[in-house]
Every structure is written in C-alpha cells, then in structure tokens.
Amino acid sequence: MDFSFSDDQIMFQEAVRDLLANECPPEVVREAWENDTGRTDGLWGALAEMGVVGMTAPESAGGLGMDETDLVLLLEEAGRAALPEPLLEHTAVGIPTLAEAGGAIAEAWLEQAVAGEATLGAGADGGYAVGAATSDLVLLIGDEIRAVPVAGASLVEHQSVDWSRRLFEVDGDEVVLDADPGLAFDRAAGAASAQCVGVAQHLLDATVEYVAQRYQFGKPVGSYQAVKHHLANAALKIEFARPAARHAAWCIAAGDPDRSRDVSLAKVLASEAVDLAARTALQCHGAIGYTFEYDLHLWMKRGWALSAAWGDAAWHRNRIAAALGI
Amino acid sequence: MDFSFSDDQIMFQEAVRDLLANECPPEVVREAWENDTGRTDGLWGALAEMGVVGMTAPESAGGLGMDETDLVLLLEEAGRAALPEPLLEHTAVGIPTLAEAGGAIAEAWLEQAVAGEATLGAGADGGYAVGAATSDLVLLIGDEIRAVPVAGASLVEHQSVDWSRRLFEVDGDEVVLDADPGLAFDRAAGAASAQCVGVAQHLLDATVEYVAQRYQFGKPVGSYQAVKHHLANAALKIEFARPAARHAAWCIAAGDPDRSRDVSLAKVLASEAVDLAARTALQCHGAIGYTFEYDLHLWMKRGWALSAAWGDAAWHRNRIAAALGI
Amino acid sequence: MDLSFTPAEEEFRDEARTWLAENVPAEPLASMDTPDGFEEHRAWEHILFDAGWAVVSWPERFGGREASLVEWLIFEEEYWASGAPGRVSSNGVSLLAPTVFDFGTSEQQDRFLRPMARGDEIWAQGWSEPDAGSDLAGIKTKAQRDGEHFVIEGQKTWCSRGAFADWFFCLVRTDPDSERHAGLSYLLVPADTEGLEARAIGRLDGEPGFAELFFDGARVHERYLLGGEGEGWAVAMATTGSERGLNLRAPGRFMAAADRLVDLYKELADSRGPDLDRRDQVVSAWMGSQAYRWQTYATEARLRGGAPIGSEASFMKVLWSELDVELHATALRLLGRDGERADSSWMDGYVFALSGPIYAGTNEIQRNIISERVLGLPRR
Amino acid sequence: MDLSFTPAEEEFRDEARTWLAENVPAEPLASMDTPDGFEEHRAWEHILFDAGWAVVSWPERFGGREASLVEWLIFEEEYWASGAPGRVSSNGVSLLAPTVFDFGTSEQQDRFLRPMARGDEIWAQGWSEPDAGSDLAGIKTKAQRDGEHFVIEGQKTWCSRGAFADWFFCLVRTDPDSERHAGLSYLLVPADTEGLEARAIGRLDGEPGFAELFFDGARVHERYLLGGEGEGWAVAMATTGSERGLNLRAPGRFMAAADRLVDLYKELADSRGPDLDRRDQVVSAWMGSQAYRWQTYATEARLRGGAPIGSEASFMKVLWSELDVELHATALRLLGRDGERADSSWMDGYVFALSGPIYAGTNEIQRNIISERVLGLPRR
C-alpha cells in the first residue's frame, strides 16, 4: 500500500501545471468560450508535444505506455486551469479504449490519435458528446461502444452553460468496438472526478485569495468565522474527494474487482466537492462573483457541468447501493 | 385566513405555561425518570382541574368542546416543559377518538376519562404504547383501532432512552372502534409535531442563555459567529415548523381534505427542527451538556423520541410524496 | 384561528385567476435583462396596471385596489401559478415605494407612485459601491449641496437593469465630513441626468442585467430628496425592512416553482422511470414552499395584530433565498444530461436564484441579525 | 502509487484476522464506563498484550511488534471488523504514550509504557477544568513546588473513566504568576495520591463514564514531571496532534460500523421491505468511511515522505467525528419504533459518537484551524 507518486509523476504534473499557468490563463479560456470551436488555439498541440495527448497508448503505438495513475494528476491540473481541451474524451477514454479494441479501427485511428493528428470524442450513449464537431471519431458509450466517424455524421448542437463545452448529439455510420463499455464509462467518470477535484481546488484557492484582501465592516471578509467555516467545509470535501479520485484511477489501472463501485465513490465525492466549492466561492465573493466579467464563473460552470457529466452524484449513489447489495 | 389565536386561547396557554413553570421544573421531570411510573405526582390532577385533560371532549361529556386549534398551544407548552404526562395519548388522541366512536365503549370510558379518573393510552399498532401500565384503556392504531383494557392485558416493557417514556407492547381483549384510524394517527402525529416544536424551543432558549454567559478565549461563547449561526439555523427550523404544526392542527379540526399530507408536512419539519435543535444545543454547550446531572439531556432525549414517534421524517416524507403523486 | 379563506377572499382569488388566465401572454417574454425584453415586460406592466392588478394593496388613487395583505398573498399565489412574467417594476414597487409612502411628501407621492406602478417609470437601486457591498455604511459617493441642487460625484454598482431604467434611487453622502451611518441622504435621480452614465455589466448568464453608474457632476434638484438631508440611513433601513420581508418575495412564487418541479419529476419519471433518491429532494423543495406559505400567513396575523415585521424578516429572507437555490438545483439534477444546457428556464432560474443569498444583505448577515436581534446573543 | 497491499501486509492481515477470530470474546463485555465492565476490558487488554497485539506499532521492548503505520491501519481494520471490544487503555496509549516517547526520560519510558500497554495501569486525562474546556490555556489548577515535590490544588473535570483509572496525566500551572500558555507543566499523577479525590459524573447515558478530580494538597514527585517544568503547553500540544490525528480513530472502526449499518439495512429490508429514502443515508455513511480510509492511507504516504501531520489532522477529526454521529443516527432512524430504545448497541454508539464533535478541540475550533493554518485566512 503506497499512496505516494513517483518523482517522474510529480515532475510530469509540474510541467503540465507550468504549461497551463502560462498558456491557459483565463483570457485563453474566455476565447474558447467565444470562438467557433470551444477550444484553444495552440494548447492541444503543446500537450501533444509534451506527450500528454497520447500518453495512455502503448509505446508500440507511439504513446508513453502510461496508465490512469499517471494521468490522474494531469486531469486535476486540467480542472484547475479550466482547460478547454478534450483530455478526458481523447486521452482518458478514447485512446485506451481504441487500444483495447484493436483490430481495424485501431489500425485506422490509434497512431494518428496518439500523435494528436486525429482527435477522439466520447459521449454517453443517449447523452451528448462534448466537442464532437472538432473530433474525428466519436465513441458513444452505452451497452456497447459505437465508434462514429465525424466526417459524414449528423451533428445536432446544444448550448452548455459552460460555453466552451459544445454539446452534440451524434448520429452516423458506426462500428461496434470490441471493448468493455463499463470500463470505458468508468474511465470517463474517473477522469471527470479528477477534473472536478481540480476545479474545486481552484475555486477554493481563488476565494481564499479574494476574501483575504476584501474588506467589509473594517476587516477582511476572510477573518469572519462564518466565511472561514464555509471555506473550511469546502476544503474538507476536497480533502476527502482527492484521495478517493486517485484511488479510483488506481482501481481502473489495476483492474480492481471493485472498480465500478469505487469509481462511483470518487464521482460522488468529487461532484459534491465541486458543487459545494462553487456555491461557497460565489457566496464568499458576493456580487462580483456574480458577474460575467469576473473570471470565477468560468470554473463554477465547468464544475456544474462536470459534476453532472458521466453520472451525477445521485446516479453513482444508486450504483454504490447496488454494489453493496442494498 | 386568520392565523391569530383568540384571547381565550392565549390565556389558556399562559395558564398552562405558568402551571408547568411552577409545578414541572426539571427536578420533577427527573423524579418521573426514576420512579415506577414515569409520571409525576400531582400534575395530571392539576391539569384535570384546569380542564385540560378532558378539553377535547364535547361539553355534553363534561369536556370543554375544544378542538386541535385550542390544544396545539398547550402541546407546545408540554414540550417546552418536557411534561411527562399523557397529554398526547389521552387528550389529543384518546378522548376525541372515543367520542367519535361513541357507543358502548364511549359510554363505559369517556366521562371517566374526561374527569381524569381513567387514563387513555395510545400506540401505533405493532409499535409501543407509552405509559400503558398507568393507563386504563389503550388504543392501538393501525388499519383499524383496537381498544384494549389494561386490566387483564399482558404488557411487555422496554426501556426508552427517555426514561419517563415507558414503552409497552400491549396484548389483551380488544374491541375494534368505529372510528377512523387515519384520523387518530394524524391526531397523534400532529400532537407530536407540536410537542417537538416546544421541545426544540426550550433547547434553543436554554442554549442561548448558556452561551451568553459561558466565556472561552476571553469572550462569551455566544459571541462567536459560528455559534451564532448554529443557533440561527436552529431558530430558522423552529420558526418554520411552528406555523406548519399549527396549520396541521387546524387541518385536523376543520377536516381539511389535505389533512394527512399537511400533518406529514408538520411532522417532518418539527422532527427535523427538534433533531437540529438537540444537536446544536449539545454542541454549543460542550462537555457540560453531555452529563447526566445537567438538565439539557431531558429535553434532548424527549426530542429524539418524539421525532421518531408516530412516523419519523422519512416516513412522513414518503407519505407526502404519495400525496403529490410522485 | 381560522385558516380557511373567507368567501370574499375566495372571490378575490377567482377574479384574479380568471383575469390572469385570459391575459397572461401565451409565449414567455424575452429576458427582462435585455433591452428588448425589458420593454416587453414594461408593456406587460401597463396591461396589469390598467386592469388594476399591478399594485393590488396600494390605495386606489395610486392605481391599487386597497387589497388586504392576505389578498395580496392570494394574488401572488395566483399570479405565479398562472405562469405570468416576472415583474420588471418590482425594485421600485417593492423597495422604493414603501419608503415613498412612509417618508415622501405628498407631492413626491403624487409625482412618482402611479408612473412607477404602471411601469411608465422603471426604477433601479443605486446603493452598492465597489467597496461598499454588504457594508452599506461604507458608501463614498458624494452629493454636495449647491443651492437647491445636489452635485453627485462617485460610482455605484450592481444596479439591477440599471442600463435600461428610467430612474435610480440612490444612497449618497451629503455631508462630506461624515462617517459610517451619519451624513447619508436618499436621492432620486433621473437616468437622463447630465453627468450620469450607466454602463452594463454582464450577469452570471452573460446578459447585461447589472449596471455600474458613474456620476461626474450630476445635478439633482432637492425636490428629489426623500426624507431629510443626512437622514438617508434611517430612510434606507425602512426600505431594507421591506426588501427582506413580505414585500419582495411572496410564497406564491415558490409554491408555483415547487409545483412545476413536481410536474417535472412526474414527466421525467414517465419517460425514464422513478428516481427515488431525487424524489426526496423534490419533496424537500415542496415542503420548503409550504413552510414559507404558512409562516407568511402567520406573520400576516402578527402584523395585523400590530407587531412590527422587524428582524424576523431575516428568517424569511434566508428561507426563500436558500429554498429558491435548492429548488432549481434539484430541477437541474432531475434533468440529468440536460442539466448543463443553457437554454432551459430551470438554468435561468438557477442562475437568478444564486443571487438571492447574496443581495439585500447576505445570508451571513441575516444569520447575524437573527442571532443578535432575535435571539439576543452578544454582538462581540 | 500502488494501492495493493504487499504480500507481507496481506500476511500480517491474515495473522491478525486469525488470532482475532479465535480470541475475541463471543459475548460483548459490559460497558467500560461501569466498574465491572472496566475490569472486564482490562482483562481483555492483558490478553491482547500477551499475544503481542496491544500496541502493534510500538518497539518490541515495550510490548509492540514494530509494525509499520500501514500495518497498524490494517490491524485496526481487522480489529473492528472482528467485533472486538473497545479499548479501555486507549487514552493512555493514544494520547499519553506519543508524548512519553517524545518527551519522557528513558526511566519514564521504562517505568510507564509496558504497564500502560498491558492495561496494568490505565490512564485518564486530566486537562479540562470547569472554566477551561476548549480554551485550555485558561487552566487554573496550581502545582506549587515544594522541594522535590509538587503540591496540587484545584479541580479537573470530564476525565473519561477517571473514577476507575490508575493514573492521570494532568496539565497544571506550576508558575502561579503565569498566564495563558506560559507556566504550565505536564504532570503524571497516581490515582491513589493522598489529597486527590475522583468523583464520578454521569455521562449522557447515565453511566459514570466521567469523573471530576479534586486536588487538595496532593503531592507528586518531580520524577513524574513529563518534559520541562513550565513547558507543559508545548508538551501537551504534541499530544493534541496525536489526539486529532492518526492515533485516535483509525478508519477501521468506521468501516466496521458502516458494514454493520449496511447489514442492518439488509436485515430490516428483508423483514419490512426496502426504504429508499433511508438507503441513501446508509450509502452516505458507507462512503464516509471509505473516504476516510483512502485519505488516511494518503496521509500515511505523506508522513512516510517526511511531511508533518500538522494541522491537517483537523480534517480527520472533523470527518470521523461527524461521520460517527451520522452513521449511528442513520441506524437509529432505520430502527424506527425501536430507535428510541435504550438497550441497543446503536443507541450506545450514538451517545458515544455525540461526544466526538465536542472533545479533543470542538469541531468549530478544528474548522478555525483548517481555515487559518491550512488555508491561511487572517486570524482577525
């Protein structure tokens, strides 16, 4: 039992954090909110160059042969930066699922995807695929996994409250993959959990910073015990969601028999953490947090969306109950 | 629409409050905790003398011809004083149910009960009848109402966490009453709601008093914002439970078609209010509240018991859902 | 205690219901936080006023029908149940008008109340400043006397629909040497005053629902002073009482929303099967709206008995604002995959609801008030 | 990161499980808060110690087996899953022993640790006073030096099982002119000291689980001073770290309780039908125990990497104490009509759990610590 990350994993995390701190400031996220694609100009390429985009592919396919325990820290960073790029769909779900499926479809797509030349999308069957219009191949995950090439497919777009998340219903020629849909779904839910933790952490950090310097009634807002305890409660939720999300990543990587149950545990805790962090952040900021011009809402809305995506807290609670036999 | 009580109702409430303030201090409640009956020495007689015991009977049977809207304020007072007497079982449930049933059984018992010479008990069928051993006739309320004379019945006693509540399983010769069991149950649940409100109010008042004079770290505990907000939250729950409980009393008295749904509303709000008030009271008192010698626990445990009695919050939430068709 | 409605009350309810059924627009209006939607809502206020429904509890001479408080609560129940539009004039009617009734001269009452009630003049609040949010006593905007005029310099913010409003009711510092609560005055300012510029700020949903006001030598005549010069704090606090209390958010609004939530649950349960975990949240929201209803009728009786609304308004503010958030959050959870969609009335409602625990005194401040003024806990 | 248990860890787990299965008393012992139950629990501590399971993480010379922190966590998982009795010696082993290891002389270590671990000497804490609860720096009990002795005058309270304990570890004021944190010392006091009287106080359940200590000229030799004279605050704070952190409440305890709760739900669902509203509360409790488990293993890795436990122990204190209350409250709700019965282990557990958010620094103080020391918010 060893919960510590290797030096390499930490270094990789720090490199991605530095990249995002420099290249993905709020202005860049805002651009993605307003442009045609919902994505950034050069970030996906920069991540491909670092090897992040294809890291979960076997080395034989040009990847880094890494697994969910390597990826989880990067997903937390993506959440922390509100990165509007398909790290979840492409790297956490698409690539390992294609690699698992093998055969002609992997032949056709995997190497391009690893190199960042083709983008993989993913959505729950009957739900929406985020960013399908900027993807080349979309995996629809239900009782089976259907792969739909975007060229020639019909896409119906809907607006998300997070304007960088372009929601699509996808319909087109499909190939059923020879891969485990339950595993693919858990990969997505697990990745969403890690992103929720990152989003929540940013919301907490930004709020702590704000209330420490905002004065009301002659003292910092952050010196009021009510504000302190709101923030302590958000910190508590995050503190306990983070190890659960990391443990879920390990369960997926290690093929743990309780994987589904423990991914659900992570998703519930992470969803509840980001929901509380968003409420707390807004309440402690007051009116300024309620404006479009102030950056807080970029994370708040990402949090709302990720908390509901790939099974919300209630859905995963039901799955845990079923696993416990109650 | 008039939510105000009449001067007579207020005067009756004040008279009972004064009686209980004088005759039912914590020492008297403690005596009931320790003695053979779970009841006080003279309080039931004093209440009978004031007309409280039989107030819900028609004047023709020696009562005051009053209804639930007259009784509700007195039940709140009973909760506030942690009165260990069967106001719920006897006055709120037993007497109006017997009066409704009429016939031989009313002939045999009603006038005695109104005079306080016979005591009526009540329990949910399959549950416990509180104080059956000091009752003369117990009503067991289920799909029908079964009246069991205590003389000759078999009683199995269990210990409640509130030592003044003597819990009995009752089995004996029975008569099925010609009265509506749903109405009788709602009378009990409504009365429990009003008592919960009174218990909660006392817990809040006692805690406010304590934290205003207890010093820690150089200032009153009650001046800390965390403590203030705990108590404000308890006050909020009570503020909204009280009108709901009074409204439920009116629904019973007036035969409102939504009676069951709105009694459930009252019971949920009142149960949740007293549960929160108990938790808050203990937490704000700290260690002293955790001792047997300090009086707080007399109300805390009454609150726990009443909150669970006659359907706890979850049971009544289910009933509301059913009434809403969901 | 008689919680049945009287025949007169039932008749009033029927009349309101009938009129609303015949007059409420079939299609929802555009958002009142956009320029077009604002004017659509103004037109609806004209219709309401002309039929006598805009301000039912006001005296007849200002366009009301002198309805009792209970009747007003009944009207609100019917209004929201009918699916009628939001009230674009509510800041004036709910926040300013009680102050005009209490502190205005009869000239001011005659000048302002009817146009306000009809939506001919729509009002926005100019109280908050960048450094004075919940802490209103920190107001810095100055209004220096110059003969019969005041000359205003400074900045206001978070003025709801301030970019479209016709008038502002402002709290300004008329005594430049004063501090905190002293030396403030309550000024009514026409939006077209020279030296006043209103710039829109996007709200959480991106719509220009807020404005910042920049005052640069804006001159306002003293006839627009409400209450005495330097007495603005006391005058404003009277309004704050209304804002937190009965006038701002009647239970009918939340009862209607809770009913829609129950319907949403049923509709989704029909198509996707029941969802018992979320059902409990629906029940909670419904219970909250009912609890608020009975608490409000109980408060009405206390007020009728001569009690002041006082600090207990804080109970109501906390309840309705937190209920509103939970109610809409529950709906979004019920919607599942559609919960994140921006084009739903539930998301609009959620975003709107999120402002509730912040404005009109944050709920933290309300809890302070409850603990200090109602429970009597020591301030420090 | 490898969250599988090593073969050695699995072997350790098997050994513990096997021994427990063979040795845990079939019938529950009487409450350790009663005189008889206290001695029954002491006897169980002897059995544990003699088999090498009393203090698995301690050095062998004091009766431990030098287990790693992970192994200790594993032992706790197995211990509580087996239904073994509560640990009557835990105040000494968890709260005092870390301090003896850090601050005790080798004579003190040799004198106290083995008897403490075997339950030959059972310790109770003498810190709180009637006017110094959470605010420990307000301690008034005085210990005046008289040659090689200290003479104690004053009163302590809330000493768990203080009426039966053999020794007390006390915080007293050795410098009569000192204030707040200065001038305190950490003294070990035999229960049979002349001039010391322990009087039982009933706990919430009516059992004599607390005691008040009255010191009236009780003389204690300086060899029983732990750490330097006047340095009691620093010494005590080291213990407080343990009290809030890993040593006091391992996740195994709550995992076992959550499993029992799941079983209770199943048992009742078999006889009464499923109850989906309450099911969600069972899931919450189970989730809490799991979240605490993974957070603890993550903390173990940080500690192994050289990080201090520090203020983050406050996270754990809040989590386990509130989880424990919710878990038992849920069980009582599941029990329905039987929930109010005094003769159930769930009610005992609930009453015990209620002390959690109060003692060892109230959860309000823990939240202050989290916000000030972890998040860095301004103290005032």
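Note that the chains take the letters A, B, C and D in the order they are written out, and that residue 1 is the start of every chain.
Please note the rule applied: contacts are C-beta pairs under 8 Å (C-beta built on N, C-alpha and C of every residue); 3 or more make two chains touch, one makes a residue touch a chain.
These numbers were taken from a predicted model, which means no experiment stands behind them.
Colleague: Starting at chain B, figure out the least number of steps needed to reach chain D through touching chains.
Modeller: Between chain B and chain D, the shortest chain-hopping route counts 1.
Colleague: Would you say B-C or A-C is joined by more C-beta pairs in contact?
Modeller: Comparing A-C with B-C, the pair joined by more C-beta contacts is B-C.
Colleague: Starting from the Cα centroid of chain A, hunt down the chain whose centroid lies farthest away.
Modeller: Measuring from the centre of chain A, the most distant chain centre belongs to B.
Colleague: Calculate how many whole Å lie between the centre of chain B and the centre of chain C, each centre taken as the average of the chain's C-alpha atoms.
Modeller: So the centre of chain B lies 40 Å away from the centre of chain C.
Colleague: Please work out the Cα centroid separation of chain A and chain B, and write it as a whole number of Å.
Modeller: 52
Colleague: Which residues belonging to chain B are in contact with no fewer than two other chains?
Modeller: In chain B, the residues touching two or more other chains are 224-227, 229, 317.
Colleague: Among the residues of chain C, which are close enough to touch at least two other chains?
Modeller: 277, 280, 364, 367
Colleague: Could you list, by residue number, the parts of chain D that touch chain B in their complex?
Modeller: 128, 131, 133-135, 138, 157-158, 201-206, 210, 275, 277-278, 325, 332-333, 336-337, 339-343, 347, 354-355, 357-359, 362-364, 367
Colleague: Name, in rising order, each residue of chain A that touches chain B in their complex.
Modeller: 224-226, 229
Colleague: Going by the contact rule at the top, pick out the chain A residues touching chain D in the complex.
Modeller: 1-6, 9, 69, 204, 208, 211-212, 219-220, 222-223, 225, 227-229, 231-233, 235-236, 239-244, 246-247, 250-251, 254, 262, 265, 268-269, 317, 320-321, 324-326
Colleague: Mind pulling up the chain D residues that touch chain C in the complex?
Modeller: These residues of chain D touch chain C: 276-277, 280.
Colleague: Hey, which residues of chain D end up touching chain A in the complex?
Modeller: Chain D reaches chain A through residues 1-6, 9, 70, 262, 265-266, 269, 274, 279-280, 282-284, 286-287, 290-292, 294-295, 297-298, 300-302, 304-305, 312, 315, 318-319, 364, 366-368, 370-372, 374-380.
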